[in-house]
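Below, each structure is written out as structure tokens.
The following pair of complexes shares a single chain, chain A, combined with chain B in the former and chain C in the latter.
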Partner chain A sequence: MSSYNFEYYKPKSIEEAASIFDQMDQQGKDPMYFSGGTEIITLKRLNQLKTGAVIDIKAIQECNVFEFHEDSLLTGAALTLTKVEELNLFPLLSQTVSEIADKTARNKITAGGNICGQIFYREAVLPFLLTDSELMIAGSDGRRNAPIKDVFNKQLLLNRGEFLVQMKTNRKYTEMPFVSIKRRRQWNTGYPLLTVAALKAEQGIRVAISGLTHFPFRSAQMEDALNRTDLAFEKRINLALSLLDVPILNDTEGSARYRLFVLKNTLYDIFQELEGDKLASIEEH
Partner chain B sequence: MNIIGKSVIRKEAFDKVTGRAKYTADELSVNTLHVKMVTSAYGHAKIVSIDDSLARQISGVRAIIKGSHELPLTGEEIRDRPPLAVDKVRYFGEPIALVVADRPAIAKQAADLIQVKYEPLSVIQSPSEALKADAPIIHENLLSYDKLGSAYPVPNSNIANVTKIRKGNIDQGLKQSDVTVEGTYRLSPASHAAMETRSAAAEIKPDGYVHITTSSQAPFMVKKLISIYFKIDVGKIIVETPFVGGGYGGKAPIQWEILAYLASKAVGGRRVTITYTREEDLTTAPCKVGLEAKVKIGSTKEGIIQAAEILYLFDGGAYSDKSIDVSRAGGVDCIGPYNIENVWCDSYCIYTNHPYGSPFRGFGHSEVLFAFERTMDQLAGKLDIDPLELRKKNAILPGHTTPTQVLLNRSSVGNLPACIERLKELVGWEEGKQVEEIDDRRVRAKGIACGWKTSTIDTDASSGVILTFNPDGSINLISGVVEIGTATKTVLAQILAEKMKMEVEQIHVKMKIDTQTTPEHWKTVASRGIYMAGRAVLAAAEDVIRQIKDMAAQILRASMRDLDIANGKVFLRDDPNISLDFKDIVYGYKFPNGHSIGGQIIGYGNYILRRLTKLDPETGAGQPGPEWTTAAYYVEAEFDKRDFTYRLQKAAMVVDIGQVLNRKGAIGQVMGGMSMGLSHAGRETFVFDELGRVMNPQLRTYRPIHYGENPDYLVDFVKTPDINGPYGARGVGEHGLLGMPAALANCLSAAADANLNELPLTPELIWRSKGAEL
Partner chain C sequence: MPVSKSTKLLINGEEKEVTFYNAETLLSVLRHKLGLTGAKPGCLNGDCGACTVNIDGQAQKSCLTLAIEAVGKDILTVEGLDSPIQGAFVDHFAFQCGYCTSGFLMNCHALLTEKKNPSDQEITKWLESNICRCTGYKEIEEAVKSVINFSNKR
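And now, the complex of A and B:
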């Protein structure tokens, strides 16, 4: 239950959405874009979020695409995680989002909503970070496309009144070997201790991590370390861990030191999955 | 008739599976006002000020109620708890103020605007901290509190109660021991997390009658305690309880009803309702107690236990309420189900700045057994004896005495050796080692535990049943047992159908409790529903059978002794063709000329537990409960030696149930208990920060076991009749849970080759126990 009222709009176009936002903003209503709504509704109930108007983007056509267009996969921000998983056009994305929350929630949570969420795991962004995807962002100044590394730093960097429309991913990345591993405090339910997604690209292994710190990230130094083919796998992992420059979370899911222990093992599992043949031959020596 | 043992579908099944069953919060009425709470943001703090000036300006707010010394103190053993905090708060989530408003949203808006200023006090996070010499005293006026029960608080301390168990001679016992093992154990408070959050409505009518509807396991206790606390004639308090969506002991204490009553009183008696949010249900409502334990067991080298020396420090939380009773029960069954001649145990209930304790399925037993059964496994290891064999050697049997010196007989204790033997067969215990390697990283491990429980309930607890008839000869069964999801009322119908030799479809069960028209069942707790109400049903059945035969004897001109009943008829034993239908008798018999005799038949029956006593304060000697159900437990898990993660594979339990009354119902109860035990053993616990705040007050972060995380469950029964139970049945509502935490801990301790003496058994805990290396 929310202790105060708010207005609800469901525009049919990007332009209409942006204009409603401006209008509401001018009226001092602190508008918010609304997609699956799971987070807005639950945080609002706890008074951890305040807005006088929400603008639902689910009726906007561009936010609902999920198709290959020329050499790119377009993923609409308003697609539910269930739909992403079921259509399975991007297996790494399917795998990663299939572990978010539970089925009932995934029927509502959207890819864009998860990426823009306040709950900081934002695991749906990991595959897009790994694939250097391009994001389409829209606002009252129109639409712009930007490489994810320019607009995602800890969180999506949106100007006031902007919203995420869709993600554009080069097809070749959707076909590369990948692994996505979620580790929890216990068993199969709950927020991640860590979620690590990895992709085996031509240049080497790419790794993006959620849950280790209070934002998801991809680290060039860590990837460089993990791809040091001159070193044994264990040394690469230790080197990568030593290069971590983020504060490690210490919370009800797990202590900081334990998270590092889990990360180390998870990286090892990623090597096993993506470089299993080499790993085996090294271990034999 | 063969209704006993049949898996009769519960009477309320169709209402429940279609979502039409009604619970307390489902009862809406137009003129109801709504209550929201303001709760403490700290574990321990002085209340400097409560500013409600903004809240009062909200239109639609009818009343704001704050704590005051004018309000009575509440509590079932020691009256130590103000209904709304006064001067200071003692736990996170403690109610501070109530807002009554026209609509829930208005009440919430106003409650959010109430500003409470605190001055934090140092927080006591564990019983051992509470016992330190320099620990702050949580209840400075402990001795001045009124007592309703027989608690033994220690002045100027944080000790709410101590139960002393002294059996035999502990020094002698330890001297006789070739081997001793000792361990310390701990577990934190947790929640019941029932599906339905607590809810109550209250109305004070102009004639002074107080009407309360509540999601409670103890509507009759609500009536009595509200009467005591607020000095209202007990007959003027009418409590109704519809279906309850899970209780697990957490709805046996009285809290939300008091708040509803205060709110109604503040608005001139208008009907008000309060429904806890999930966060309030987890933190404000009474919870599952925590425990710190120290257990020492001495044994001969052959594995015959000589002595057990035990210290239990129950984390009772900020107020003592029912946790005093829980700590007493922990003393009563302080050891596992074993014959030990020399037992020394101090079981304390300690005040801390945690949410306060309440009954929780098992009533202290799963906590105590975790400590004791872990120690038993360490003893088995030290003696190099099979852990099940060690337990069988020491199993408690008829002729032995319990820690409170009750001499057991063939009826009053279950057959533990038979449970152990059946468990061995069921899980193939003899096959393979306790820890089997799967590959270089994974092992499959198995662990066991045993358990027992009696029910330490009030010595004068009773249960009543009324039977009325319908014109077609079918029977209405009215019992004070609350239907909390256990299908108890269906089983009562089976018991009645069996006794009356009728179809169970001919028994109509009244589900809702109304304390004005429903005969009392003390509380729907302690696995005593069927045990007591079943006996009351049998007594009531005998009463109506006698009345029916009395009528029939006159009409058929035969002796009552020559009559029998079955299938809705009363007939001559030697010539069943000479008979009368119930329908022609139960509302009076009308002769052809119109003359009538008899009138409607109403039956009643009751049952009171007999010869229970209080415990001797110095030795604990006494008869605390009627019978001891025994059980053996097994858990098998696949354990990853690198990650310290594990998957539950199989869980098994064999329990001496006395008699199976409803097979699938009983399996469901046991399996549900096992699942709950594994959930608490593996994951469920409150996490507190340094201010005593619960850091996981939502189901996002407080996570009971989910479907798919469960192992395969195997359940079987041993049947050693309890002569006093209906058709020989023993209590079984709680027993599925009792040994599960210990069995899982024993399994994982073997798998990880470490002493895992703390719950919950998360991979991180195991990693820490193994040295916390990176």
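And now, the complex of A and C:
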């Protein structure tokens, strides 16, 4: 065991958590919020992280909700991915998170932890990007609710002392047709080459992508191209790919060229799944 | 100098007084403070599953769990396991070096406790959490299925 230890707190309320963070921060202890903790424990072991205090949010009631409230689904940030999957209140989210890590790891990894973690895939955020969800964030200044597009840009933008409490999703989106596809270099577990989640909304198909670049994203330009009903599906996909303005990863998981090849085929699979009848009709002609 | 504290952990049905640091993993405390060396350090990264124990009936990787997180919970290690899956592993030659075996047993136990009749797909999904470098997994699968079939016949 290294000589590096930290203080551990498990508050029961949002306000208590924020208060402890402030105290620890003032004492120069570089506090961190702790949810599933899998990343914190791993990075600490590798000496890539140093903190003098962790604040475990798993006992905070608001961080553990998973229920419909009026027209919205509330998803607590401290919910394990296993719980999200098993209760299956949001099938797109269930399908997306069911591919993260492995079954036993998902008993510990939490939705909020995956979204806020340093590992850049952050696949759990994809369904919330697609559904224009709202995030509840808390800190010493109290709670605030913000549309995800305002607070998630490559990563969740939190002020010092803030933590993600829960995600709020309009119920209608949880019932729309969807598909989530994860492509890996090989096997059934491990980091993605690419994860693409898609939703068929009233205005058209929405897609959100992880693994293509250093952050998960959704692109309005790409979606506009994919929904160009005046074009054949293949032309729409090619147009969407030509509009990509993110640096494509080139690493041991796959080259940039291979990633684009896989993305193109995955988008086609998405069209098959969500617009299968139209695809068949166009191909017949 | 880091400060450790004495607290109680409920392990294999017994309350154990143990001293550990907040930053210490459950795997480390089990092995170095309590002499329960069944859970093994493999990757220490949550990938291999050799460190798997059950916490409140759920399979957990003890290398990714702080000991302090397990306070107040019911911890089961392979030393406290009494399950037909253990005999099934022997009967079906489901291990060679044995290093991954305790992790597999704990995960299989959690699976068979939660799901009385898991499908092939469920078995595969659960056991993807554990890696074996010796066998080809076939014997492990047969051992699991033998327990299911035996339970179904009773």
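Rule of thumb we're sticking to: the second predicted complex is superposed on the first by the 282 of 285 C-alpha atoms of A that agree within 3 Å, B and C clash if a C-alpha of one lies under 4 Å from a C-alpha of the other, contacts with A are read in each partner's own complex, and residues count from 1 in each chain.
Please note the rule applied: a residue touches a chain if its C-beta (ideal position, glycine included) is under 8 Å from a C-beta of that chain, and two chains touch if they have at least 3 such contacts.
What you see is a predicted model, and the numbers here were worked out from it, not measured in a lab.
Of the two partner chains placed by the overlay, only chain B lies in contact with A:S255; chain C stays clear of it.
After overlaying the two complexes on the shared chain, residue contacts for A:R228 are found with neither chain B nor chain C. When the two complexes are overlaid on their common chain A, residue A:Y4 makes contact with chain B and with chain C alike.
By the document's definition of touching, of the two partners only chain C reaches A:I41; chain B does not. Once the two complexes are laid over each other on the shared chain, residue contacts for A:N188 go to chain B and to chain C alike.
After overlaying the two complexes on the shared chain, residue contacts for A:T104 are found with chain C alone; chain B is out of touch. Touch criterion met: A:K264 reaches chain B, while chain C stays clear of it. Note: residues 1, 3-4, 102, 188-189 of chain A belong to the chain B contact set and to the chain C contact set alike, using the contact criterion stated above. If you check the complex, the residues on chain A that touch chain B are 1-4, 46-47, 102, 185-191, 251-255, 257-258, 260-262, 264-265. For chain B in complex with chain A, the residues that touch the partner chain are 104-105, 108-109, 112, 279, 642-643, 647, 682-683, 687, 695-696, 700-701, 703, 705-706, 708-709, 760, 762-764, 767-768, 772-774. Of all the residues in chain C, the ones that touch chain A in their complex are 1-4, 21-25, 28, 44-46, 49, 52, 58-61, 63-66, 68-69, 107, 124-126, 128-130.
Listing the residues of chain A that touch chain C in their complex gives 1, 3-8, 37-38, 41-42, 44-45, 54, 56, 82, 101-105, 107-108, 188-189.
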